[in-house]
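In structure tokens below, several structures.
Both complexes shown next keep subunit A, but they swap its partner, so subunit B is in the first and subunit C is in the second.
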Partner chain A sequence: MEGIKYKWTASFSEHFRYKFHTGMVAWAIHRITGIGLTIFIAIHIWSISHLGSGPESFNATMALYSTPLFKIGEVMLFAVIIFHAMNGLRIIWVDFFGGAKYHKKLFWALMVAAMVLFIMGIVATFLPMINLINL
Partner chain B sequence: MNETIKQGGSDSGHWLWFLQRITGVGVLVTISIHWVVQHFMSMSPALPITYEEVIYRLSQPEFRVLYALFLVFALFHGFHGLWMVGRDYLHAQWSRIGLATILITASTILFVWGVTIVFTSYPPPIVQAGVIPP
Partner chain C sequence: MDISLKIRRFNPEKDKKPNWQTFKIIAEPTWKILDCLMHVKNEIDGTLTFRKSCAHGICGSDAMKINGKAALACQELVKNYKSKKFVIEPLPGFPVIKDLVVDFDLFFEKLRKVLPWFINDERPPADSERLQSPEQVEKILESVKCILCGGCTSSCPSAWMNADYLGPAALLKAWRFIGDSRDHATEERIRVVNDHDGVWRCHTIFNCVEACPKEINVTDHITMLRREIFKRKL
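Take a look at the complex of A and B:
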């Protein structure tokens, strides 16, 4: 261990050793969105469990989810799912199909695909509502 | 220090890593079908989904299988993912055992709860008899 000097009072940046590059940011967001989606699964099971309490209870819960605040939440959920899914495909591609050599290009290509899917999904979700308002 | 550190993880770790990928694809497939059904095959896509529609869907065997598979894939993928995240930050053995206990318990409860909903939701007798179309 000679030649190595340890500082007892290391700075925050020395402790915080994450290096911000494409792969690392994708890795961090993948983990954060994964935690959020796992929590959402629990909430979703709880919501659907209202089926056991009868039509009034279930329909009241679903009506709550159609309020503007929850609709914004639904859009955010959709974005989170699409990011997690597309980045997950990148991870599988890197792990099984040798995508490590071009993982950055793969990431950005999948993010473009994610953006297209997101816009298509938003249109498909909200177009029926716009049509209903116009009727 | 004569201890050697085994690199690459155990055989079970390798299988868990593989299952994490497989269940990820499973979640993507099942959630895509759910999304299409929810938004394109719904009886009233502009309105909140109703009790009758969900009950009718859950009374069909193919949807029960779909949602049971979704539960298996999503709960394994999600909770094993939480374990992978937690394991990176928890190094003491007691804390890892505690986390594993919490995650296995929570995922088992959610699985039993979800499967119970999926396999015990039947239309009310009046709908079953065809008096009210589902």
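Take a look at the complex of A and C:
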């Protein structure tokens, strides 16, 4: 039939035109954080590779990471890891232990756990800095 | 009450691209979206095209995208929506034939791949039927409810991106027979669904569960299929 565009898939934009539910939000963030972690791993390997060119080179790279901007980056990285790990647990639960029946409750329970871990991480990151100021 | 229906329309004889048309009508709060569409077709514009049959959520022919989510038009009541501005589109991921009518050919082709019929060459016991225990019935009870409206497959982002993916509807049907104690073709069906375009293409996004008008937890059934395959590999 002329005029009919035969396409058995939807364009990528359909994702944004469809209503977002808990499962789709979790899936989308999981993918984005996954890409973020891949980029981090590349940067991490790059900085570790400085060990090969002697202690001065490695220390210079490490000094870069102690700037406040990288501290914020560290906190963001921690958030990304926590989400990816917690949602990963949810996916394992859904796949192996029948978590699909209560996946929304599982998601929010794990997000509460993620929040607690995140706050603990922030405290651990910034507490040494506060102590330094007091000294 | 005053409501507005923004409908995505496409006439293959005239249009190159789909376009939007808004109808303002007076509807009863107890009307279903299907009643609103019937009102538009009967009273305002007879060219509006959509599928319907039983109008009571049994035949599954009037699945469409209502306010951004796949649903059965005959099950959605106007009064259950806060906003009285409705956006109605054909099911996503299916080729549009006209207005809200989409092509289901590939959907049924994929369904046939999982052998969606009862296979058992043995004769039933002479004095009775093939009996099942309540536990055996319980295992397949939810999957039997499927009316093949296509809502799940059409709402699945994995299916949007990959036309070869069997889709939630076909996988659910596979479970309906794999889980059936009377059926003898389990291994054949396991072979079909144990594929990267079978159960492993599902990314547990749960859009199918949200879309299902019969409230079937489709994802749960797909993960049950995965565990069934996993057990065989141990």
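Criterion: the second predicted complex is superposed on the first by the 116 of 135 C-alpha atoms of A that agree within 3 Å, B and C clash if a C-alpha of one lies under 4 Å from a C-alpha of the other, contacts with A are read in each partner's own complex, and residues count from 1 in each chain.
FYI, a contact is a pair of C-beta atoms (placed from the backbone, for glycine too) under 8 Å apart; a residue touches a chain by one contact, two chains touch by 3 or more.
For clarity, every value in this text was computed on a predicted model and none was experimentally measured.
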item	value
Subunit B versus subunit C as contact partner of A:D95, first or second or both or neither	both
Contacts of A:A63 with subunit B and subunit C, given as first, second, both or neither	first
Subunit B versus subunit C as contact partner of A:H21, first or second or both or neither	second
First (subunit B), second (subunit C), both or neither touched by A:A124	first
Touching partner for A:I29 - first (subunit B), second (subunit C), both, neither	neither
Partner chain in contact with A:I41 - subunit B first, subunit C second, else both or neither	first
First, second, both or neither for A:H103, with subunit B first and subunit C second	second
Subunit B/subunit C common contact set on subunit A	91, 95-96
Subunit C contact footprint on subunit A (complex, rising order)	1-12, 14-15, 17-19, 21-24, 27, 91, 94-96, 98, 100-101, 103
Of subunit A, residues touching subunit B in the complex	31, 34-35, 37-38, 41-42, 45, 48-49, 51-52, 54-55, 58-59, 62-63, 65-66, 81, 85, 88-89, 91-92, 95-96, 121, 124-125, 128-129, 131-132
Touching residues on subunit C, where the partner in the complex is subunit A	12-13, 15-16, 65, 67-69, 92-97, 103, 106, 155, 157, 159-163, 203-207, 209-210, 217, 219-220, 223-224, 226-227
In the complex with subunit A, residue positions of subunit B that touch it	21, 24-25, 28, 31, 35, 39-40, 45-52, 54-55, 58, 74-75, 78-79, 81-82, 85, 106, 110, 113-114, 117, 121
